[in-house]
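To start, I am sharing the structure in question, which I have written as structure tokens.
As written, the chains take the letters A, B, C and D, and residue 1 is the first residue of each chain.
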Amino acid sequence: MKSAAFWGALAAIFAAGLALTGAVANEYYYNALYLILQAALMAIAWNILGGFTGYVNFGSAGFFAIGAYTTVALNKALGLPLPLLILAGGAVGGLVGLGLGYLTLRLKGVYFAIATLAMAIVIETLVINWSYVGGAKGTYILTPEKHLWFDSYIQMLFVVMLLLTLAAVAISRMLSSSRIGRGLAAIRDDEVAAECAGVPTLRLKLVSTTVMGAMMGVAGAPFPFFVTFVDPSSAFNLFIAVNAIAMPMIGGTAHWLGPVIGALLVGTTQEIVKVTVSSEMNVLIVGVMLVVFITLAPQGIVGLARKHLRRRKP
Amino acid sequence: MFSADLLANAVVAGILLGGFYAAVAIGLAIVFGQLDIVNIAHPAFIIVGAYIAYILNSRFGFDPVLVGLLAAPAFFFVGALIYRVYFLAFERTGQESLSGLAFFFGVMFIIEVVLILIYGVDYRLVQAGYIGQTWRIGFVDFPLRMLVPFAVSAALTAAIYAYMSHTFMGRAIQAVAQDRLALQLMGADPVRIKQWAFGLGIATAAIAGSLLIIIGPVEPSVGRLYIGRAFAIVVLGGMGSIKGMFIAALILGIVESMVATFAGPSWSPAVAFGVLALTLALRPAGLFGRQ
Amino acid sequence: MTHSRRKWLLISVALAAAAALAAPLAHAQQKPIKIGFSMALTGGLAGGGKGALISMEIWRDDVNKKGGLLGRPVALVYYDDATQPANVPGIYTKLLEVDKVDLVVSGYGTNLIAPAMPIIMRKKLVFPALFGLGANEEFKYDRYFQIMPAGPAPKLDWSKGFFELAMEQNPKPKSVAIVAADAEFALNAAEGARANAKKLKLDIVYDKTYPPATTDFTPIVRAIQATSPDIVYVGSYPPDSVGMVKAASEVGLKTKMFGGGMVGLQFAAIQKNLGPLLNGIVNYDFWVPEPTLNFPGVNEFLAKYRVAAKDKGVDPFGHYLPPYSYAYLEVLGQAVEATKSLDHSKLAAYMHKTTFDTVVGKVKFGKNGEWARTRTLQVQFRDVQPDNLEQFAGPGKRIVLYPKEWKSGNIVFPYKQ
Amino acid sequence: MSGELLRVTRLSKRFGGFVALDNVSLSVRAGERLGLIGPNGSGKTTLITCISGALYNDVGEIHFEGRDVTRLLPHLRARAGIARSFQIPKPFASMTVLDNLRVPLEYAARSRAAHGRVLDEAMRVLELIGLVHRAHENSAGLTQVDMRKLELARALAAKPRLLISDEVMAGLAPNEVAEVLAILRKLNNSGITIIMIEHIMHAVMRFSERVICLDAGQIICEGTPESIVQDAGVQRAYLGA
């Protein structure tokens, strides 16, 4: 995609989102869209480490929860406004991502994946034992009365999330098509060969974990205002981690567009299944889609599309 | 608060618990430790084993351990079948690391949800004569509810250990992991061996499941609680070493039991995983041996 | 954008289908009164949630047989919240904005009630709630009505009976151990127990929490035993309740009173499995088939429930939660009939001042929406036989000790294994 | 340009109980063509892996252009001018052949490459190696022979001063061997020092000015190709006589 077209498309989508808030008052749609966008943001973040760099993170829910609980803590302590809370969530998530990078990037492949799982459990245990943010009991967050010029708070949250997701898309695209992106891909393909080609692997991996952590923290930061009640079991929900892995896998991990497509497809399906069939089916569908896609189309939808395009070309 | 009898009991309880953990982890020690297949769905298979024990126990009054042993061959074939799919889709094309992980993640969720759709989320239990009895030696308690799983697990571990070191297939499985050349010299087909080993790993899940439901109530998603522990044990135990795995399981059990007794149980998962994270960070090479 | 339009179309088709499924009894000509709610039909609380839904459907059918409310049929519109708090806000906005329900009630459990509150409060709706422990403490919403008879100070009242009973015994207990799961309800129960113990000047010799992922409880019970407490108060969820009871028997816990806030001991399947291990345990409950709690209508309801619950994988007898899930709709229905309106302020005013007659007896709400007086029962398991489910259908196995006016027997003290 | 480029002093490396390298010392002149031979498992690959930095030696020092690089991270060694190819090809499998070369050009050779002309430079290297016609193909789909050529090309794209080629000629047809030898000789003429590990004896002997033979982690002899062939130790190591 040409640069101008890309930025134009982002602007158009944002404008459409704004227009939507003017045209439709029904709050339900913003709820559903918010959840889809949140999943997309998580998927994009996961893909920066998982897809571009080749390190599987099972602890996505931990980073998401870091964002959410940063909001809870700072909202309670200082009552900061939402934009600052999002920044703070991103900063804390990024720092933990950096720490994770240092702590575990000596570990390759599956050891890393298991360490992320362990990390999420440790963070969850800490939050459970931290009574200031409600501990295991959870805590309430009352949505503020003010919501700018929007009709409702959820509309504003939707627009905020849209903006954040578009920013993540832009960052992800910039990363993937740049020199850094090629360095990350080299690490994913063969780390030893990458080093010998002069790629500073540790530094790039730290960039990758930090950006991932920051994005996930950002994704989690507005969450308390969305649910109004946060407890560890919802913030550290394994389903968040599953979605963050499944969506890029289904969409295609190698391309920046993959997680976005995956998130839109799976997220929309989920929202529809949730209200029409049942939540169990919802999980089952994600599981089945994930298994079917990675067995039969390991490059995901983007990979299928590329193959199709290539075949049509003479 | 601190006393000799408390300490002795904490250690014994930890050993019994650790013995059970070994049953949970042994399948992974084979599949993950020796074949490098990250079967994150292993605990989900254990839950399936627990449900089979529950069904046959509540319907016909069969002993859960017996059910576990009877179900093991069926699990073996299912495991072999899953390995076929895994091989054709991932290993053959060299995509096992990322896609394979996600594959088993998906399998885990499918198993869980299918169980929920059939049996709901209620906790299921089994009944057996020994559940509820306790042997007391001096001031040390041996609840049979924990002792039976420990004994079965120890026997299972010993059997697998003997199998691995004394049979042709067992040695071939170890060769798959460590020494391709030796494998070629033995004239064995690595895919067939891996399929066999994977089946074996899944077969242990049937037994581990029956032990799980002896110890406590089971519902479809409790398997997740064991993912971290099981992998931690395999990694701590030195990847694929059956002996190391058993010792690591005992250590984890004792740590959890000691923390629960003397410090407060809410810290035991963090301590256990802290130990894992620290080990991984400080001396990965020393623990994983081969690379 | 055509893409999003198509998506919207899909959503609206889905919505229409959902509405059609949810309201099978709606008469074509008459516009039904729609009651909307989220319910835990999957996930951790599904066992209770499904039982609640069965009870609510029984109420709907009962009402519709009598001609509905205000001459209109009643329809239930509900969605599965999967026991995930994050799903709840979306469900209630959808109920109000898309399904345009007339009335709302809560889902089952504190964590699934609280996330609905801000939306409900913004729209100023009457909100009958099902089994939330102190869910209104932060919000202080004056149209919240909790059917669970925890009492005006829910966290304290939860264990008040347990401690009062203990203090009446001879010799008077001096020390208490409190142990609770690291999760919402259990921690609240433990908090209340702590306050009660302090008030009674009991020495708290053990006060710890354990993670929900605990496999073996014997080390915990042994650590408790090492402090030799006179009474042991436990706040736990079903799997840990089972583990705790078994461990107590295996370790040979020596204490005079054991139990308090153990969730799970109210359910028939677990009762059957634990059998005689339960004997002597004193635990909270809300309804048991003792003669003192034989309210008008409750047996008819339970008979219907037993039929409807068959092979649904829910509790076969329907004690504990189901009568209350029937009752919270009864309260709402009676208020609608009495005020002849769906005006929420009128309904709220009526519900505040009225004493309702329901299958769970007389219900009177206090200022904060909780029951004006607590009816958290303390029941003691007695004479339980091994491996027998039917024994729990009738009286004599769970003796009501507290509150006094519902008492059906005397405590056996001290507790012995 | 005839000073010392690389000096390895008393290098040792163990894996557990196995001694892979035992007190190895050697020196390479700038512009030299050095052949490294020895039976399987004699420590050749371990030695060059230590030189390129993916493994750290336990004992000993490595100097490159007079600078101590013993503890230098591998990517910094690549930037300093040490490049290697891998015995078992390790292409960046998700990339095209051309992008494979962009990685070293954009990282290892960054300070030396003219900015903005990365693609031109990559094409020039491909031309030299004879892979231009594959430039836009996916590297995972290459034949074994082309993959070996890609290994060499990627090492070249790092614009090294020292090029270590690890069995790039294995499996090549005789005319292709000659082709690769010609390329290496041309590179050497342009000033690049080359260490060649090879099993194809006649190729090593024809190419190298000097040959070092390793056995069981030790240098057993060193000299001109002619003298090496005569050496009893070498014959014993190779023929087991």
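Definition applied: a contact is a pair of C-beta atoms (placed from the backbone, for glycine too) under 8 Å apart; a residue touches a chain by one contact, two chains touch by 3 or more.
Note that this is a predicted model, so its numbers are computed, not measured.
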item: Most distant chain from subunit C by Cα centroid; value: D
item: Of A-D and A-C, pair with higher C-beta contact tally; value: A-C
item: Subunit B and subunit C, separation of their C-alpha mean positions in angstrom; value: 36
item: Separation of mean Cα positions, subunit D and subunit A [Å, integer]; value: 42
item: Interchain centroid distance [CA atoms averaged], subunit C/subunit D, Å; value: 73
item: Sites on subunit A at which at least two other chains make contact; value: 125, 128-129, 280
item: Multi-chain contact residues (two or more partners), subunit B; value: 116, 266, 269
item: Of all residues in subunit D, the ones touching two or more other chains; value: none
item: Interchain pairs in contact, sorted by label; value: A-B, A-C, A-D, B-C
item: Subunit A residues touching subunit C - in the complex, by the definition given at the top; value: 16, 26-29, 31-32, 35, 125, 128-129, 135-138, 140, 142-143, 154, 223, 226-231, 233-234, 237, 239, 268, 271-272, 274-276, 278-280, 282
item: Subunit C to subunit B touching residues, read off their complex; value: 42-44, 46-47, 50, 182, 208-211, 213-216, 218-220, 222-223, 226-227, 238-239, 242-243, 246-247, 249-252, 264, 269-270, 273, 277, 313-314, 387
item: Subunit A partner contacts - residues on subunit C that touch it in the complex; value: 1, 4, 7-8, 10-11, 14-15, 17-18, 41-43, 79-82, 84-90, 93-94, 96-98, 111, 114-115, 117-118, 138-139, 181-184, 187-188, 209, 211
item: Footprint of subunit A on subunit B - complex, ascending; value: 32, 36, 38, 85, 89-90, 93, 95, 97-99, 101-103, 105-110, 112-114, 116-117, 224, 227-228, 231-232, 235, 266-267, 269-270, 273-274, 276-277, 280-281, 284, 288
item: Interfacial residue positions of subunit B with respect to subunit C in the complex; value: 1, 3, 6, 9-10, 13-14, 16-17, 20, 116, 119-123, 125, 127, 131-132, 134, 141, 143, 145-146, 215-217, 219, 222, 225, 256-258, 260-262, 264-266, 268-269
